[in-house]
Structures are given as C-alpha cells and as structure tokens.
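Going by the order they are written in, the chains are A, B, C and D; count residues from 1 in each one.
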Amino acid sequence: MMQREWMRIVKHTEVARDTYQLILNGDVAQHVREPGQFVHVQVSQEYFLRRPVSIADVNQDESTITLLYKVMGKGTNALTGKKAGDFIDVLGPGGKGFPLHDLNTQQALLIGGGIGVPPLHYLGKKLKEKGVQVTSVLGFQTKEDAFYVEKFKELGKVFVTTNDGSLGTKGFVTNVLPDLKDRIDTFFSCGPTVMLRAVKEEMCDVPGYISIEERMGCGIGACFACVVESNDDQGYRKICCDGPVFRPDEVILP
Amino acid sequence: MMQREWMRIVKHTEVARDTYQLILNGDVAQHVREPGQFVHVQVSQEYFLRRPVSIADVNQDESTITLLYKVMGKGTNALTGKKAGDFIDVLGPGGKGFPLHDLNTQQALLIGGGIGVPPLHYLGKKLKEKGVQVTSVLGFQTKEDAFYVEKFKELGKVFVTTNDGSLGTKGFVTNVLPDLKDRIDTFFSCGPTVMLRAVKEEMCDVPGYISIEERMGCGIGACFACVVESNDDQGYRKICCDGPVFRPDEVILP
Amino acid sequence: MNTRVELPGLNLKNPVMPASGCFGFGREFAQFYDLSHLGAVIMKAATGGKRFGNVTPRVAETSSGMLNAIGLQNPGVEGIIAKEIPFLETYPTPIIANVAGSTVEEYVSVAEKLSETSVSAFELNISCPNVKEGGVQFGTDPFLAENVVREVKDVSDVPVYVKLSPNVADIVSMAEACAKAGADGLSMINTLTGMRIDPKTRRPIIANKTGGLSGPAIKPVAIRMIYQVYEAVDLPIIGMGGIETVDDIIEYLLAGASAVAIGSANFKNPLVCKELIDQLPEGLKKYGFESVNDAIGGAHDETYSSSISRS
Amino acid sequence: MNTRVELPGLNLKNPVMPASGCFGFGREFAQFYDLSHLGAVIMKAATGGKRFGNVTPRVAETSSGMLNAIGLQNPGVEGIIAKEIPFLETYPTPIIANVAGSTVEEYVSVAEKLSETSVSAFELNISCPNVKEGGVQFGTDPFLAENVVREVKDVSDVPVYVKLSPNVADIVSMAEACAKAGADGLSMINTLTGMRIDPKTRRPIIANKTGGLSGPAIKPVAIRMIYQVYEAVDLPIIGMGGIETVDDIIEYLLAGASAVAIGSANFKNPLVCKELIDQLPEGLKKYGFESVNDAIGGAHDETYSSSISRS
C-alpha cells in the first residue's frame, strides 16, 4: 500500500563523490513488498515535482529504508542539505520490483551501473536470504564514484569496472559479462539506458530483469508521463506502476 | 550606505500575539543613519519579493538591529520559523527616517498604531538621548496585541489605547490626542493609513512627521512601485527612498 | 457551511474536482481516499481511437510549475466506456468527460458515444497544446471554436463546458464565441505553452520540445482571464491553474469561478483534493463567507467593502 | 572566455543587461556596483510627457514571480534627456532607450528626440500591458506593430529592437511583422497579464486590477517563444523573463537569444547583474562552450549531440 508520509531522517552521509546515503524512518518501511520498488521524494516546496529514488535497503525492525542518491541537479543538490532529525515528505513504496516470490533462480547475476546500483543491493540481500548464489558486476565512472562495493562483497563475488580503470577492470560492465553469463541462470540489471541496452544485447539468451528510468509526474500511474513502449497489444507500460522492473523483451528501450 | 547582507539571527522571540522580535547581527547595523529607516527582508527563496520592516532598535556596539514584526501573511508567517543562528538575507538600511539632526524639538509626542509602533521605539531612544522629553501614545487592537509598552515607559510617559478597552483607554489613539497636543511641540506617527489620516487631521496645527507604508518592489527607488502623491510640482514621492517618513502636508495619503 | 453548487448538469456537493489528465480515471487515487468525497471527477481526455501520445520525456519541472506533453495518451472512447466509466460509476460522484480530437468529426463522434453513458457533462478540450493536428487552432480561433461547440451541441444533450486555452490575446472573444455556440459553461484554463532547455544536453528537455505549463506559476494568468470572462459572458466557469490551498480556491471563486479543478497539485500530494474539500468550510468562514455561492464572483461586487482591517 | 556579442548598434562586452523598468535609470544600482560592468543598460520607459502612472498598490507577489502595474511612470522624454542620460553617459556602457507611447505619433516623437542623444538602440515597447490607450493593441496586432515600427524607422537611424508581448496566440507572426517593417532586433518577452485577488479584502490586490507577471514563473513561456521565433525570423533577440542564474542565461542563449536582460531579479538581489556577469565565463565553460556566441541558438543545432552522459 502506497502512502504519503513525513519520514524522519535517521542518518545522512556521503558515501562517494556526490553520492549520499539517506536512512529514513517511518511506516513506509513496513509496506515495501519487494526489492526494486522506489519512493517518490518531495525535496521541498521549492521543487514542484517529486524525485523517484530506489529503495536500497529495508530494516523492518527499525522501520527504516535506505536510499542512495547521486547529486544530478537542483533537487538532489538541495536534498544534501537535509539533516538527521529533519522530516521529509515521501510517497511510497511505489512500483513493481523484482518478482522475488516467483523466481526460480540458483545463480543470480546483479549488473548495476552508477546510481542504478542501489536497488540491486536490497535485491541481493533478499536473494541471499533465499539461498541464491549472488554475483555482482558494478560499473562506475571512476574510483571516486564507487560505493557499496563492500556491502555487495557480503553477498557474494563482486566485479567492479570503472571507465578509467581507477578501480577494478577498466571499461564497462559489459566487458566482464561474457565470462560470467554461462555461470548464472538469471540476471538483474539497473543503470543508465545505454548500459541497459548493451546488457540486454549481451545477455539476450539469459533470462533476466531490467529496471528502467523515466521522468515522472505523479509516480502512481495516473498521468502517463513515464511510459515506455511495449512489445505487445497494449503498446506501452507505465514505469511508475507497471515497472520500474521489466523483462528485457517486454519493453522497447528508448 | 545600503548593502545586501546575510545577517545572523541572534534572538527571535514572540512578544505579543503573532508579534515577534528579531535581533540580527551584521554590518547593516553600522550604517543606520536615523530612526525610521527600514530593512528589506528576503524571507526565503520561496517568496519572490522582499518584505520591508522598520528598524526598531540599533546596538552599534554589538552590531545588531532589532526588528518587530507581526504575522500578516505568508512571508511573515514563514519568518517565524527562523531560529537563532540562522542567517537571513537583508537589504538595508533603506529610506529616509526621522530627520533627527535637523530637529528642534523639546517635547515630542510619538503616536504609534499596531505594527507602526516599532520605528518609534528607536526614535524615542534617540530623542531621549538628545534630552528631548518624550510622550508616547500606543494604540493596539487588544491587550494581547500590545508590545514594548514597558520599553516606551523607559522613555517617558505612555498612553495606551485598545479598541476593546482591554488595556489602557478604550478607543483609538486619536481619543487621547486632544489632551496632549497642547503640551508638545512635534509629533511623530506611524501606523495604518486610516490612523495616519485621523492623526494628521487631529494634529493639523502641530508640526510633525508621519511614516507611511506601501507595497514595494525594489525597496531602493528604482521601480516606482511605492509612490505616494505629493503636493508639489514633482507630483509624487517614492516611499522607499524619499520616505517612509514625510511631513504630513508633503504627501496625499491614499 | 453550505458548499453545494448547482451548475448545468452538475449537482455538486462541493466545488472541488480533480482536473483532466492529472487524475487518470481515478483508480490510482482511490487507494488514497474514497472518491465519493469529490465534487466531481474530470476524466483524462477521450479521443476517437487509442492514442499512444508523445515520445518521452514528457514532463519537466519549472519554477512553481511543470511542463507536460503527454499527447493525449488514452485508451480511446470505447475503451473508456468499457473499462473506466464503470469503475467511476461505483461512486456517487458526477463524472465529467474531457473530450478531445484532431478534427470536428472526431469531437462529434466521441461526444456522441459518451452521450450514451452516465457522464454528467463534457469538458470540450479545444486547448490541448500537445496535439499537432488541430487542437491548438480550435482553441485560439473563435470561429473554429464556435463551430466545434455547435456541432457537439447538435448531437448531444449532455451539457458542454468548453475548456479554453490561455494562449490567446483575447480570452473574452473566445468565451463569447463559445457562448454564442450554446456552450453551457467554460473551463479555464488549460496550460500555457512553454519550453525548457537542458544546458547539459543543449536540447529541449521534453521530447515534443514544447509542453504545457501548469502549477502555481500560471495562477495569476488564470485568475485574470476568469475575472475578465466573468464580466463579459454569462456562463458558469470551472476555474483551474495552480490550486494548492483553500485560499487559492477562494481566490478563484472571488474571480468568478463557480467550481474549481485541481491538476498538478495531485502529483505533489495525492490527497490534495480531499484535504482541501475538508478544509474549505473553515477557510470560507475565516473570510466571512456563508457558503460557496456567497464567494462566487465576489471580487466584482463593488459595493462590498472589507470589514477586516489591519492592526 | 570570449563573452562579446555584436548586435546592430550594440557592441556588448557581455550579453547581460538590466531589463527596462527594473533598474530605473541606473542611479540606485550605482551605489551597489560600477555600472561599467554591464553589457548595456536598458532605461525605464520614456513617453512623450511626464507620466504619473497608476494608483497604488502597484505590485503583488505570486508564486515564483510578481505582478506589476506601474503604468509607465517616468519623467517624460525631455526629462530623461536632461537628467538621466547624462548620468548614464558617465559610464562606457551602451544605453538602450525603452520607447513607449499611446499613439503612433507619441512613439515617433519620443524616438525622434532620443535620436539626438547618445543612446545606442531603442527598445520599442509595444507590449506594456499597463497602459490603457493602445499599448496592448500594438503588441497583439501584427498590422499595428508593423506600422509603428515602420514609422519609427522612418524618422530615426538608431537601431530598433521591438519588445514583444507574450499575450498573443501566435508570437511568430508578431515577430515577422516587425521584421517586415525593418526592425533590427527583437526583445522578448514583456510580462504576461495576470491578477491576484486578496481573500481578505475580496478585491484585486493591484489597484489597476490586472498587472504584468514577471519572474521565473514565466521563463518557460519566454524560452518557448524565443525558440519559435529564432527558427522563423532572422533577427537577433534580447531574451528575458525570470533570469536568476547563469544556467538561466545559458538556457536563453541556447533557445536563440543573443543577449539577455534581467528584470525583477534585481529586486531580490540588487547585485544580480554583476554577479551573473562574473559567473558567466565559468558557467559557459562548465557546459563546454567556448564563447557566448558558441551557445547562441545551440538548442537548434540538430547535429550536436551531448558528450556528457549520466554515470
């Protein structure tokens, strides 16, 4: 069930260059159904639209969710000014995530790029809980941009790529996929569209899921701002409510 | 000299119903020339226009100014949320105040109504410093709205009126003026236009000064938002730079 | 406090409804509150056939507002009749159908089909800036507007509220043309056409390049237009543009609106319509109004002089 | 970083100037910074005779903007020539005179008198919404606009930038009419007509009832209009409407403006023009521009594809 709630900031820390971890306390944490869902965050009255941010972790006992966000523009920049103890207007949890309950996977590969990494963290945790073997490929621009690598190591084997080679393999996540794809049965990917396109091509013969982004209005399925073309009769999906997680062949990446 | 400065809030307290005292520290305090000047306050980026607020006191040693404001709308309401330690964007000091240096007065009468009272406080202090005998008439709606009565008592005799008689004389400031006007040589008045009109009429045979209000744009004399008709060739005065203090016969009250 | 308003075809228990395109067909909002609270519901635009709308991105943020270029995506009038109206009919709330098209024939055919349903009124969308084929011209040319309204009136007895575009030099002559053609009311305003360019990509943010500006940014334009039309044309007005608070609603009523619609504010707060409906009686009382009707057109009443003074 | 821009009559060391009516005649701002920093100065409107303007209140706040109805208060063209231009001439900054009037004759006569001075260009204000007699019509009717521009061009060799009103359905035909009449450039946009009503007094806040909306609220409308006109008309554009940051300036340049004017932001921060001029080179560099000229019209360059990608 989605709700609008003023959540309390428990902790707010910088975890990499321009990248912040935000732990929020509130009832929303009790309603997260699956990894890959997001919350729609109102930064302040100065910013008209909410910002969609993936849920990177959930602690149901403490009733907290963890967000990881990168400063991309005005809104995320203003968000950095919020302090522990402040309250923040959150709508969520929204969308359909990775269908954890229907999955029949033993060997999962998580493929995250940049700020697409966060939802895969909560997914990886949940997979590991189910006894699934988790391998992660995390791509960043440079070493300075990398975050949560240690946390993914707690889940399984981790391969890091950076564009400039300052950490891990030099290049893109797709550089390391050929060696891995035969060893896994399902992949889960989130990142910029260019990366998702490349991943989709590379992994075309492996079952998987991708999580995609689009600018949103309502974030709840009412405004048709966030559609992506689909391969079927209906012709489209709404990312905010039918997604953001889809089968790669379900949608046509823009 | 006017300047734009982020002034630090030293103290922020409620002094009467919906009425707040705000003490600000900064260089602006060093540039106040005379009582009756005002500062043009940017409440926050959410409010497009600045708010003009009179300077109610100056402490040059501590480099502070005191403002007294009443919550009238959105901006002043938002202002109440600022806390000691916060910084606030101030433009000032602006305008021409009471011409303290050219005055030849022995017996001054201050006539303030509601939130027109503040500039008279600093004026009264300055007059007293010059050895002038100060009498004050302060009009409020009710007892709950009254503020700074004790401070005016430090300056001389004080008459309070309230619309409902809950403090002092019941009625308007003009009710007590007939008894006082023969005992003073100059009056100084600030308050709502209706009051100023009545005061002007009542005190027509006594020299004096009035301070008037108008909605402002720039607050520095450039936009012609704040004009008041004048009785001379020029035809108008700009309240923000030619005023807000005028001789009663210099301007035509709207 | 009496918040009832009677308008052609619309018996409203309160004057607040969600604006077209900002509420889908109500389903998503029904998870947040009971739609029975609403004065009415204005559905997302209906066109003759299914439309897939524009390429994304379709929205962009602006100061105190947003741009959108959805492009009238909707399942088509038949789909709406089959799936959406039945859902909304489960509530006792009047349904207003937003009717759109690229040609007069399309408007007429959509209206004809919807006339067979339980909708209480049409909002004739002659002002959508995001449809290339003709939508804009209908909304900026009084002759075209008059014609399309007349044709729709000819085929249907459902009351017609014409939704005017603010992208005109003379809103009064647009309103007059609609009145002449027999419109039962007006709906004002649709979005102002705008654009944002991203300095990083050096391109318009919205794929369609231009989009419609909504939100508090446009409220002063809407209030001005409603004020002008109220003085010139004797038709009830549903006012909209940037409403976020009860004070905003009262400003619209005073300007001359008989009811109001709330659009993009639903994105900030999905509960906004219900919350404002709950707050309205208190808000009206604060300013001395005895009913919603008491406030309508109040800014034109030169005899009224406020008893509330400062200080 | 080269910030120079060459326009008809205007050799600008940078493309930033204060907008007409928001800077008086410069005196008040000269206490905050040296006006030599400015690309140019656009003076407050000049009319034939002294004008006292409208009754107060003349301004009201709106979401991300403000309304004004000053009513062209100014000392008249002779007063401006006698007292204001001599002051501005003490700076090496080009002066642009904003020319207004109620009749074609008044525009012509003001322009003739100003031609005898050192002003570098005219900004022909055919768009002031606050003058009743005719200002609005000039700005919303292409024929009237064409006529007044032609008449002014006939009596003066000073380059003419026509200031367009956004209160029109078709900005391109207004621009085309000006081009046809021999205008040297365009200045876009003036204010959108708006209104605010105070629920306490139940009256429009501005005594004139309607006022001109300025500020960030109108920026998307300005950007859209400049983008459209840039594609249709071969005249340089001075862009304005809601500029507060260097990113805003770059957005205007990309849309097609060759220079920009900053209006109501001067009220928030009297130093804004100077601060943005100081920040401009850095801001341009950040987005990979090599000069101001490099950015002008950039959003129309379909061959450019951003090299800056997300993550």
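Operating definition for what follows: a contact is a pair of C-beta atoms (placed from the backbone, for glycine too) under 8 Å apart; a residue touches a chain by one contact, two chains touch by 3 or more.
Just so it is clear, the structure is predicted and the values come from calculations on it, not from any experiment.
Asks: Just list the two chains that share the greatest number of C-beta contact pairs.
Replies: After counting contacts between each pair of chains, the winner is C-D.
Asks: If you average the Cα atoms per chain, which one ends up farthest from subunit C?
Replies: B
Asks: Let me have the rounded angstrom distance from the C-alpha centre of subunit C over to the C-alpha centre of subunit D, please.
Replies: Here the centre of subunit D sits 33 Å away from the centre of subunit C.
Asks: Averaged over CA atoms, how far is the centre of subunit A from the centre of subunit C? Could you give it in whole Å?
Replies: From the centre of subunit A to the centre of subunit C is 36 Å.
Asks: Taking the mean of the CA coordinates per chain, how far is subunit A from subunit B in Å?
Replies: That gives a centre separation of 56 Å.
Asks: Compute the distance, rounded to whole Å, between the mean C-alpha positions of subunit B and subunit C.
Replies: Comparing mean C-alpha positions, subunit C is 45 Å from subunit B.
Asks: For subunit A, give me the residues that contact two or more of the other chains.
Replies: Residues: none.
Asks: Can you list the subunit C residues in contact with two or more other chains?
Replies: Only 62-65, 215 qualify.
Asks: Show which residues of subunit A lie in contact with subunit B when the two form their complex.
Replies: It comes out as residues 45-46.
Asks: Flag every residue of subunit B that touches subunit D in the complex, lowest number first.
Replies: Contact set of subunit B toward subunit D: 1-4, 42, 47-50, 75, 91, 214-229, 235-236, 241, 254.
Asks: What residues on subunit C touch subunit D, complex-wise?
Replies: Residues of subunit C touching subunit D: 62-65, 67, 140, 167-170, 192-197, 199-204, 209-210, 213, 215-221, 223-224, 227, 242, 247, 250-251, 254-255, 287, 298-299, 301, 304, 306, 308.
Asks: Applying the document's contact rule, which stretches of subunit C touch subunit A when the two form their complex?
Replies: Counting only subunit C, the residues touching subunit A are 21-24, 27-29, 31-32, 44, 50, 52-53, 55-66, 68, 70, 73, 205, 215, 264, 266-271.
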